[in-house]
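The structure that follows is given in the form of structure tokens.
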Amino acid sequence: MEKNFTCIVCPMGCSLKVQIEDGKVVSVTGNTCPRGAKYAQTEAVAPVRTLTTTVRAGEKMVSVKSTQPLPKENLKKYMDMINSVKLETSVNVGDVIIADIDGTGIDIVATKNVDI
Amino acid sequence: MRNIDLVIIGGGPAGMSAAVSAYNSGIKDILILDREPRLGGILQQCIHNGFGLHRFKEELTGPEYSWKYEQMVNELKIPVMLGTMVLDVTEDKIITAMNEENGVFQIQAKAVVMAMGCRERSRGALNIAGMRPAGIYTAGAAQKFVNIKGYLPGKKVVILGSGDIGLIMARRMTLEGAKVITVCELMPYSGGLTRNIVQCLNDFDIPLKLSHTVVKIHGKERVEGVTIAKVDKSLKPIMETAEYIECDTLLLSCGLIPENELSKGASITLDRVTGGAVVDQRRETDKKGIFACGNVLHVHDLVDYVSEEAEIAGKGAAEYIQNDGFNKNCDIKMTLGDCVRYTVPQHITSNENDVKIYFRVSDVHKDVTVEAKDGDEVIFSRKKQRVAPGEMESILIKSDVLKNIKSGAITVGVKLNG
Amino acid sequence: MYDVVIIGAGVVGGFIARELSRYKLNICLLEKENDVAMGASRANSGIVHAGFDALTGTKKAEFNVLGAKIMKRVTDELGVKYKNNGSLVVAYSEEELPTLQKLYERGVANGVENLQIIDKAKLLELEPNLTDSAVAALYAPTAGIVCPYELTIAAVGNAMDNGAELKLDFDVKSIRRNGDFYEISSENETVECKYLVNAAGVHSDNIAALIGDTSFNVTARKGEYLLLDKEFGTMASHTIFRCPTSMGKGILVSPTVDGNLILGPTSVNIDDKDNNETTPEGLSEIMSKTLAVMPKAPLRSVITSFCGVRAVPSTGDFIIEKAADGFVNCAGIESPGLSSAPAIAPYVVELLKGMGLSLEENESFNPIRKPAHLFREMSMEDKNKVIAENPKYGKVVCRCETVTEGEIVEAIHTNPKATSVDAIKRRTRSGMGRCQGGFCAPTVVEILARELDIPFEAVTKSGGNSIINYGRIK
């Protein structure tokens, strides 16, 4: 199987071609640097994205992020889980809002100090 | 009237970085003025990640990037007045400002750093015809509604302009349950970063229509739809291609304009292309002791470069105060060669140090050579695989090269290879 | 039971209400929109015409000249900005010179003072940015500029302060004569009155038809405008007209009283009387016609475009007369309606008096409307005094126009009270500047929600279904 994407590692935007056999990347072409090849390997098999969103804290909004990129296919599910959280106390940058979201081992943490 | 060595107007990334840099250069009597109730400027609503890769070698969100600098400002105990609007700055560096607690007050500064940021181009400036219903927002206003206020400004959205804020909002509103129907871009290429096209549009199957624009807005009370059309080479809509799209919201992400009202009040000379001040390598404007940095000087694509530029301005302001002015030993003009829209700085007034020249190209090109010339003599040359208007470029001119400039000017241009 | 009901809270209805509030009367203004000044009074050139356009002997001529004369006093009383900047009708070819002469003679006959025809040299001295091909001009030093909705809001506000009532969102569907009085009904409310004044602008023929008066029609004529950044408000110092044609006075270039430069209007008759849609053709027509007379016009600095609707009467003149017992038409008030409104009002009151309305003086009538705090125009001392009393005046909400939270709160609680973002904009200029509300709109919504004690998502841009957002995201 062949997959095509635009590399996003740097502004160059190389068009990558990835050959996949038995769920494994066998070759990457179109990249101009090794970072592009590495990106292609992950993106082809198990694409991940850092999720950034907000959580309600009283009348205010607290911005949050995933500490590591999360599987792209489940972003909607994580959004629903994050949206169900209502904070009652003030938070600081780095405070864990949801630990180990959906068993991924990845936390959702606050990215802003908010006093309520 | 209070006397303060250095007044910094704007407490966003540029203002904070300039303050820290000036402090570290030996000036302690600093005041940052900002109209918002907290530091950070627009970063507070830019909750997405991608900030700080150059500066901090890690990927931060906007509020986190801001927090890094807020902590530095706090640790250095640099005074900040929030909720304070600067009404006027004079050539003589008298600042008139106002807030709820102190009323209107004036400060005499020895030096001023302008760091007011930029604003978005509005519907009026774009001159889109049609009705004037609710539901037309700049991408930044929508971002404030969603991320700061926690409200959804639209459910079925068309976005005009593929600038980064528009792309980011396409993803943000999709994640919050809105349907983003399409993004129209007037130009044949996107103004946004490739990463954002991939992660904000492609990830959610949102089509990007290049060479398209919105020609009409429909709906009496709330937006009911827009008519879009393809544009020809001269960017004029081809009405035969007009297409009606039902939607309740139109977001505009069509460019940013430096917020230079205060600079105009101080009679600072502005660059017609950047919309910001004309500055030298220290980021000093043509008014002695008044500096400018960040998006008020020219619109940046990465906040990392804003911080870097603000450091230069902060350091310059500190030197200005310490030495009561500058020893300017040259005046080399930067002139625009092929494919280059502008440079910052626009001129160089000292050859004692290396100078980094930032510039933007006018079109997308692949396989090029960036060149700087003194008359016909090439003084800098570097190959690039790709240049684009959305991505700021830079070159470094060494001090010893500056000392040998014969024509009085350096021309920066982009040569197409092959 | 009201003594007098006026249909239409535009500039004409507003001034009639104000004039009537000098007497001990129960007065009610009915308006179909969610704010006053929403029809022709919302979007026009804002010109106080000198009075040479209308044919001698018409009501237009009479009220225009009179209105222009008293505009200074009226705007002073109402605390409304007015500038006597003078106007120029410019001839761009020798062929147009007889038109200038005709207008001059008509102006003199109409009673316009100090009119003069000036030559090219004098003209270009007055307006150095005009094209070199200008030949001569009719100069009318008595003309002026005023903001049409500011004037309307102030007139209605002053009438309300003196006891008049205002009912918004009252779309008149039927009028019934019941003995000696009228019953006026919207879909969900009926009011009664002894005397009824029809000041319904483009809809005044529809209102007249409700009592069976079909003696005239009103055609809606659309006019699009472009507004330029304040930086270029001084490109013209006078109101600059072309020589008039049958479709009106053509595209003008004028400073506004708020310091912008206004270009327009186009002139197109339309079927849907409430159609205030701008068109690509209209906007480009304004641009090309402006460049023809002012080649250096900075068209890159357009901050907004908008469209107004004018009420063109089939009779060619204002229709101000008794139409039935207790019913007065004040219909087809097209240009120069803004200039004429302050003079039309006392005339209408006289008509009503002649029809039996008894006028007993209201001793507490105060013609002076306390002007809203205009923060950006205050001295530093005054600013500090106001902020000390109320710190909200120290908080700038709209940075482009320097509008403070204090002024916005004031607009929400001053007659006629603002209940939408656009209503705030018309009263305070918040969102009227170069960023067009990009920065201040979310804050204005928050202030409206707080002061009106309604949910954030219930705040509208301009009433009805013009909601600004769809509720909390989480």
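Just so it is clear, A, B and C label the chains in written order, and each chain counts residues from 1 on its own.
Here is the rule we use: contacts are C-beta pairs under 8 Å (C-beta built on N, C-alpha and C of every residue); 3 or more make two chains touch, one makes a residue touch a chain.
On a predicted model such as this, the values are computed, not experimentally measured, just so you know.
Taking each chain's centre as the mean of its CA atoms, C is the chain most distant from chain A. By number of C-beta pairs in contact, B-C leads when A-C and B-C are compared. Here the spacing of chain A and chain B, counted between their Cα centres, is 27 Å. Note: centroid distance chain A to chain C, computed from Cα atoms, is 54 Å. One simple way to say how far apart two chains are is to compare their mean CA positions; for chain B and chain C this gives 39 Å. For chain C, the set of residues touching two or more other chains reads 472-474.
Shared interface positions of chain B, defined as residues touching 2 or more other chains, are 146, 148-150, 176. Listed for chain A are residues 54, 56, each touching two or more other chains. Contacts from chain B toward chain A in the complex involve residues 44, 47-49, 59-64, 67, 146-150, 172, 175-176, 193-195, 197-199, 202-203, 385-386, 388, 391. Residues 5-8, 11-13, 32, 49-50, 52-54, 56, 60-61, 63, 65, 72, 75, 79, 93, 111-113 of chain A are the ones touching chain B in the complex. Within the complex formed with chain B, the chain C residues making contact are 226-227, 231, 274, 276-280, 282-283, 302-306, 380, 383-384, 387-388, 391-392, 394-396, 399-400, 402, 434-439, 441-442, 446, 456-457, 460-474. In the complex of the two chains, the chain B residues touching chain C come out as 35, 83, 85, 87, 96, 98-104, 119-120, 122-125, 127, 129-135, 137-138, 140-141, 144-146, 148-155, 176-177, 215-216, 220-222, 237, 261, 264. Listed in rising order, the residues of chain C touching chain A in the complex are 472-474.
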